[in-house]
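First chain A sits with chain B, and in the next complex the same chain sits with chain C.
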Partner chain A sequence: MNTNTGVAAWITRPMLITFALLVSLPLWIESVGLYQYLGVEIVIWMVFALGFNLLLGYTGLPAFGHGAYFGIGAYAFGLSQLHLAESLWLGIFCAMFFAALGGAMVATFLSHRRGIYYALLTIAFGQVFWFLSIKWHRLTGGEDGLLNIPRPDLDLGFVSISLASNQALFYFVLLLFVLVVIGLWRLIHSPFGTVIKAIKQNEMRTAFIGYNVWLYKWLVFTLSASIAGLAGGMFAMAQESAYPDVMSLHASGFVVMMVLIGGGMVSFWGPVIGAAVYFLARDLLGAATETWLLWYGLMFMAVIMFKPEGIAGAWQGLVKRRKESARVEKKPFTG
Partner chain B sequence: MDFLANLAPHLVNGITLGLLFALIALGFMLIVGVMEVINLAHGSLFALGAYVAMTIIGIEPQWFGPLGEWYAALPAGLRYSFALVLAPILVGLVGMLLEFCLRGTYGKDPLFGLLLTFGAAMVIEELIRIIWGSGEQVLQTPPAISGAFIWNGLIWSSYRFFAAGFSVLAIVMVWLFLERTPYGAIIKAGAHDSEMVRALGINLSRLRLYVFGFGVALAALAGIIMAPIWGLRPHVGVDAVIPAFLIIALGGVGSFGGAVVAGVLVGLTVGITGAYASEWSLMSMYILLIAVISFRARGLFGKKSVLEN
Partner chain C sequence: MALFEAQNLHKRFGDRVVLEEINLSFEAGQISGIMGPNGAGKTTCFNVLTGRYKPNRGKVIFDGEDITGMAPRSIARKGISRSFQIMNLFDDFSVIENVLIGVPQVRDRGFNMTRRVAADSVAMDKAAMVLEQVGLKDKAFENAGSLPYGDRRALEIGVALASEPRLLFLDEPTSGLGIDATARLAELVLELKQAYTIVIIEHDMKFLFGLADNIAVIHWGQVITRGTPDELRANKWVQSSNLGKLA
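What follows is the complex of A and B.
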């Protein structure tokens, strides 16, 4: 969160490194013993975590039921493909629109709350959506969810590309990821971003300066929900199904964990790192032991106890210390 | 009259459920009050209490030699009562361990405490899976309180009445402890302004340790009572902790009476909707919360809390 650079660049070096790493991912992921589909999953959750961090890391709002909007996106994508028309753009639009709609509704109740009530209410609303997804059989298919959601072709007007292979899907998902990253980066470094960061620091003072805090909180929540919906829609496409599990309290907790472990509180890239760490931990620990959640949970507790700024925070600390020690060495010896 | 007679069993079930929810919520609220931590592990510790009690009741005679044989020969009621005392104490100790881990988060963003306990909840749930397996288990109740009886032409489960009575007893005891003893006064003062309590020369870290242990022990106690009604699965805690959140938000953070009233209200709502649309019975409490919160921002009896800043 480097705020003192004046006008931020459209593209930055970390961005290029991340994109390059991800673009080349399908080339080397199999040679390190992983599989193509994992890349799709990681990038989808990166999008989800980035959108969520707008709320948690930048506005400082402790939302704890965000899986709901991811789930709404997944269901909206599935339902639009199954009942309306098999079209990629329609599906993505529905996923974002309905998640934003749900988010906007909830945000209307939430936005004049702070702290513990905010956390409690986001949990309560998250559970309402989770419950609906299980009980509204006719629409959602109950606990089994929606099955056999098609993966529509990417139709660009002049050419149509099939996304049936995981590699093709990966590049499509990556394209959306790039758009989200650049969009969020611009947003955070815009006047809007400055106001939400001010809300994080002191909501009351921000209101006294004359900003409509309620509206900003409402907008951030709605926007964050729509990005969650986008991620959910991609997830439904990747899984070719949508089910209530992604809306549960656990899924909502996982995204918070990703943001925290990665260091979303201090860095734009925290959620991206966190999502990658989560999936790598799941696959590597999961291969070694059946009770990987135990070890992941312990690791998470250790991060909160000893390094609450997460991986990105630890990295920033390291860089700072190295710079300082370099400066000390360069100083002429006066003794 | 016919209408009331049909509804009566649902009302009894609802009140029983509500009282147990209130018991969970009380422990949860003590922790929120004194530590300013939303304890997401509360539900897992609730489940842990029930599992530990199940093991204590069912100790095999060969485990501890002659002592084990003597123990296994005791009447079921005695073993059950023993578990009812010992299991909350053991889980309370686990809670104290968790509080020890939490110490680094005091004074920071309340989110860190919440997340640490979320991690702890995952760990405890996995531990339950490792020790007791993922399948559904049964907590044996002694014959004196199980079974059913017929009254006014309706069948009533004895256990529900035991559970309701026991919860009332526990809630009254907690209330007496908080209102009528010097320790209770310290805890209440700590919930109001912990810095001031420290300034008065009271060992705040020890107070926090004990309050956390106590709050968690209440969750474990509720877990033991609830287990025969809900069944025992590793993730049963989520079903318990969510209503506890709702009750706190509904009754108002920091209000003891509010938690009890809200607990019974939630229980009744769930019970009555259960009578007419059982599918939606758990949903109704969320609707209740949203309805109340829309009109009364801090719940029914809530006052302004430091946690809102």
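What follows is the complex of A and C.
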């Protein structure tokens, strides 16, 4: 909770800088040796990580099977396009709805728990969904997954825009990212956001001042799952396929690493930074060595050991130190 | 009729009986005390009365309503609030935020995901008023985690007051406080008596005997005697025990 009125405005300066940077990304990404599709992937995972951080960073709930809801979103998007109708809005609705439904069911069992029991149950349920995606062949296509998922046009009623090119898809995904960022920013400064932050700090006291902690934990998990589903739906659209790998335990682990490396425990922008760092590491380190994941893993270990607040935390510390030293320099000589 | 009553409460953990046939009643507008040696079952009794533990037998009645076994959140919403012996604050929040989250106007809008908390001037005024009551108004925007111990004790009470309770349970409020801070706390409790019904568990007998209208003595999980401070001072059991020497 922040009682400073400026910080809780709908649009903030860091938001504008981030949006401007991302809007300009297709114009320069190729000139730095990268490619348009990377931008799509990064923004999709930023959405996923932001939604996940609502759970981990803001409510303090250790969930390690969140890839399941990303995967449910991807399958729901694909199945709706392949079997119901080729419609972007229907696909996005299905992705969010079924991921939220899966999340709500799991949260019903989880929300009484905390700590290690909570974490283990999230892994167990994540594995259940992953196993289902492999074995329910008739629905999911088994290990091959769903292929040839169409990329529907963006139909606004008065105009229809093709999303066939990666650049067009990037701007659509970016639009959803902007909406998620503004929505989540508002949420964390709302009474609901205040309560989840209180639960993170002291679950028992929150209950003793009259809050239904179970219901808040259930709601935040469901909401986070629906955002994961949105990201998963966009991923299916971008990949034009949906497959079990995105629901696996290691895929769930990636989003945790992104949040922690970026600094999601101390900053709203941590997941955004973490997602960008992950994909840049994958492509830049990956170009240099096949063992890029080993180096990324070592970086993760170094961050956890030496700067658990992550990159955003390191930046905040730097800014704080600079402000303090500037204040000391301004003090008049009294000796 | 008493505002709050415990009738024949019985609580055990496994084979171990911790509370046995506890009968207590707290009158509106009074300060009631619960005392007893370490391990007597005082805090367990508090935890049963405020919903943290369900009793195995017996009833808890608040203002004529049976609240036995209700969840802490439901009991809190009925107007019963408590502080904790071991500090239970929101350390990453500022002092005013700790109080604000307990204010009914904020609590009732807990599921609102779009309104800004800071925009609620009624809630902010209420939180500021509570901070003034507990002497922390000047520290409203300091981080709760960085407050000195005595101020954290005061804030612990402030958080409990924020929900506008009718009945306030204070669990060992002087725990860890020095002589001056204890004296200031005694003044605060006397001020609060004007507006609230208060029940205190306390091991500092001087503090309790100086404030309470009625005191129940718990030992071996049972209420062994009760009365006014003067009656207890004259009680042979209290006189012969270590508790009598401390009062």
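By our rule, the second predicted complex is superposed on the first by the 328 of 335 C-alpha atoms of A that agree within 3 Å, B and C clash if a C-alpha of one lies under 4 Å from a C-alpha of the other, contacts with A are read in each partner's own complex, and residues count from 1 in each chain.
Note that contacts are C-beta pairs under 8 Å (C-beta built on N, C-alpha and C of every residue); 3 or more make two chains touch, one makes a residue touch a chain.
Everything numeric here is computed off the predicted structure, so don't read it as measured data.
*Asks:* Once the two structures are overlaid on chain A, check if chain B and chain C clash or fit side by side.
*Replies:* Aligned through their shared chain, the two binders fit side by side on chain A.
*Asks:* After the fit on chain A, how big is the angle at chain A between chain B and chain C, using C-alpha centres and going to the nearest 10 degrees?
*Replies:* About 80 degrees between chain B and chain C, seen from chain A.
*Asks:* Would you check which partner chain A:G193 touches, where first means chain B only, second means chain C only, and both and neither mean what they say?
*Replies:* It touches chain C, and chain B stays clear.
*Asks:* State whether A:Q201 touches chain B only (first), chain C only (second), both chains, or neither.
*Replies:* second
*Asks:* With both structures fitted on chain A, tell me whether chain B or chain C touches more of chain A's residues.
*Replies:* On the superposition, B touches more of the residues of chain A.
*Asks:* So, A:K135: does it touch chain B (first), chain C (second), both, or neither?
*Replies:* first
*Asks:* Touching A:N212 in the superposition: chain B (first), chain C (second), both, neither?
*Replies:* second
*Asks:* With the two structures laid over each other on chain A, which partner does A:G115 touch: chain B (first), chain C (second), both, or neither?
*Replies:* It touches chain B, and chain C stays clear.
*Asks:* Once both structures are aligned on chain A, how many angstrom separate the closest C-alpha atoms of chain B and chain C?
*Replies:* Minimum over all C-alpha pairs: 12 Å.
*Asks:* Once the complexes are superposed, what residues of chain A are shared between the chain B interface and the chain C interface?
*Replies:* none
*Asks:* Using the touch definition from the top, list the residues of chain A that touch chain B in their complex.
*Replies:* Residue list for chain A touching chain B: 56, 60, 62, 64, 109, 112-117, 119-121, 123-125, 127-128, 131-132, 135, 249, 253, 256-257, 260, 265, 291, 293-294, 296-298, 300-301, 304-306, 308.
*Asks:* Considering the complex alone, what residue numbers of chain A touch chain C?
*Replies:* Residues of chain A touching chain C: 1-5, 8, 186-187, 189-195, 197-198, 201-202, 204-213, 216, 219.
*Asks:* Once bound in the complex, which stretches of chain C touch chain A?
*Replies:* The contact residues of chain C facing chain A are 50, 52, 71-73, 76-77, 81-82, 84, 88-94, 96-97, 100-102, 106-107, 109-119, 124, 141, 159, 162-163.
*Asks:* Residues of chain B touching chain A in their complex?
*Replies:* Per the stated touch rule, the residues are 32, 38, 40, 101, 104-105, 108-112, 114-116, 118-123, 125-127, 129-130, 238, 242, 245-246, 248-249, 253, 279-280, 282-283, 286-287, 289-290, 293-294, 297-298, 305, 307-309.
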